[in-house]
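Below you'll find the structures, each written out as structure tokens.
In what follows, subunit A forms one complex with subunit B and a second complex with subunit C.
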Partner chain A sequence: MVVYSFYIFDRHTECIYQKSWLPPPSIQTTTTSSSDNAKLVFGTVFSLRNMVRKLGGEDDAFISFRTAQYKLHYYETASSLRFVMLTDISTLSMRNVLHQIYINLWVEYVVKNPLSPVEHKGGEGVRNELFELGLDQFIRGLM
Partner chain B sequence: MTVFALIIINKAGGLIYHRTFHEGGLNKISTNDYLVLAGTFHGVHAITARLNPIPQQINRNSASSAGIMTRPEPPSGLEVLESENFRLQCFSTLTGIKFLLFTDTTQTNVDLTMRRVYEMYTDYVMKNPFYQLEMPVRCELFERKLTSYIREVNNR
Partner chain C sequence: MSFDPVMPPYNASDPTARFVASSCLDFLFIELVPMSYRITNELEEVVVASSSSAADAASIPQSQGTVKKMDEEEEREAVFWRLEGIGYRVGMGLVERFSKDRPKFNDTLDVIKFLCKDLWTLVFRKQVDNLKTNHRGVYVLTDNAFRPFSRMSTEAGGQAVVKAQPFLWIPCGIVRGALAAMGIQATVQAETSELPGAVFQIKTIPAKS
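Up next, the complex of A and B:
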């Protein structure tokens, strides 16, 4: 199992956190920057979520999709916080893993941090040491 | 195990065929909404092919080290989508036509069903001399064979 990257989007559709576990490419082959990539990811999951809700009913939830190269996992909290993870295709459902990240890392280190703002504009309050360290350890433990 | 519906999208993102086989699996939506869905899916499919997180370089190196010059596989778009209530399998042909099969979440061997549907499309739609390319599919024989095949799959 390999985790490629991880994104968090807030309810204002802004990417407030992103992390990649891939080695940085030696030569920039693609023209898309990481912020462009985050926008593409958000556009995809947003469209697919709406499509799933239209076809499967209001209580249906989009879980994941797979291409021949990668698999994308999606988890949305009741407060419209969206967690997205890209992994290799052989990985099973990561929904509970994303849920664990929300409970054990996001709530513990970001929500319960008294210095963290309510709205994380530009990722403010999310990029704290404990959250980053906890996330990195958790993901490396899975791989 | 149930196959809910089939949608065929042409290479421009237009809906050319849609058919529901099982009532109650998916919400009933209007033909207009199906057209919107087809267009949206076409766009999303293109984006998902671009999102490929693995750098292409790795592919090229491994190909040249083997001594054989091979063209790296082009990144494919969305193939399987899972939600709580259904599963969507997408098959994109080399000519850009997309077949979407909606099944329930426990359905197995969708690849096989998809292959059979594609065979029927080539046999009864493409070989129909009155069918115009890129246009909505209205072929009675295709309709009939498809219905009986899916009924057989759903009763298995």
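Up next, the complex of A and C:
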């Protein structure tokens, strides 16, 4: 199992955190910058989520999609935070992993961090040492 | 986390026991600090505004932008007393509630031990790791993993230690209030040199005989 990259989008649709571990074999070798990538990823999951809801009803959720190169996993919290992870195509569902990141890392080290603001404009307060360390260890432990 | 096991000295058979999600307490402790800064600054603005309008009435020309703001030291001091005062009141109340079944304390060390073990567990869910005293009224409490600091973190080089300082002021007040309720007047100072550790220094003021 290989994890390529990970993104968090807040309820204002801003990308407040992104991290790459390994570049996928053939994407991201083009000229797009990492912020452009985040926008592309958000556009994709936003449209897919809306389409899925339109077809399947309000309670339906899209969980992942797969291309020939990568698999994208999606998890949306009740508070409209969106967690996205790109992995290789053979990986099983990472929904549980994204949920774990939310409850064990995000809630603990960002929401309950006294030095982190309530809103994370520009990613403020998310890139703290405990969160980054915890995330990196967690992901490397899976790989 | 809200599923921590219930710790002594309270238990479910205690009819007066109340249970609160510990996240509630965490969030309250977190928010009290920025709130105190806001209140302090808002009060100062009111004072400045009213004094400048009084000056207008006396027809003394006031140039724009000369409104004197509190400097950092004054702000720090004002916020410190606000938070310390809140803590003091909390500490006082806590002792009344949780020392009611205990025998009377023999000496100051007894009181300090109650503070390090029982009260610390109650408020911070662990005991103090180290207690030192010079036997002349100074006690130094070291907590290597101070609970309010356990999730405190900034970006690398974000001066977390400096930013953590105001979060020690309510605990300072709690300690001072608790000691006062047990009959010991003291000054309490706290500092941290590395998160999540914290060092509290208690200087007791000898009662006049």
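Annotations
Note that the second predicted complex is superposed on the first by the 136 of 143 C-alpha atoms of A that agree within 3 Å, B and C clash if a C-alpha of one lies under 4 Å from a C-alpha of the other, contacts with A are read in each partner's own complex, and residues count from 1 in each chain.
The criterion applied here is as follows: a residue touches a chain if its C-beta (ideal position, glycine included) is under 8 Å from a C-beta of that chain, and two chains touch if they have at least 3 such contacts.
Not measured: the values here are computed from a predicted model.
With subunit A as the common reference, subunit B sits beside subunit C without any clash.
On the chain A superposition, the C-alpha centres give an angle at subunit A of 160° between subunit B and subunit C, rounded to a multiple of 10. In the superposition on chain A, A:T44 contacts subunit B only, with no contact to subunit C. Contacts of A:V52 after superposition on the shared chain: subunit B is touched, whereas subunit C is not. Of the two partner chains, neither subunit B nor subunit C is touched by A:S79.
In the superposed pair of complexes, A:A61 makes contact with subunit B only, with no contact to subunit C.
Applying the stated contact rule after C-alpha superposition, one finds that A:S90 touches neither subunit B nor subunit C. After superposing both complexes on chain A, the closest C-alpha pair between subunit B and subunit C lies 27 Å apart. Interface of subunit B with subunit A (complex): residues 26-27, 29, 33, 37, 40-41, 43-44, 47-57, 73, 75-86, 102.
On the subunit A side of its complex with subunit B, the touching residues are 4-5, 20, 22, 25-27, 29-30, 32, 37, 40-41, 43-44, 47-48, 51-52, 54-57, 59-70, 72, 86, 93. Within the complex formed with subunit C, the subunit A residues making contact are 108-109, 112-115, 127-131. Interface residues of subunit C, counted against subunit A in their complex, comprise 23, 26-27, 29-30, 33, 148, 151-156, 158, 160, 163-164, 167.
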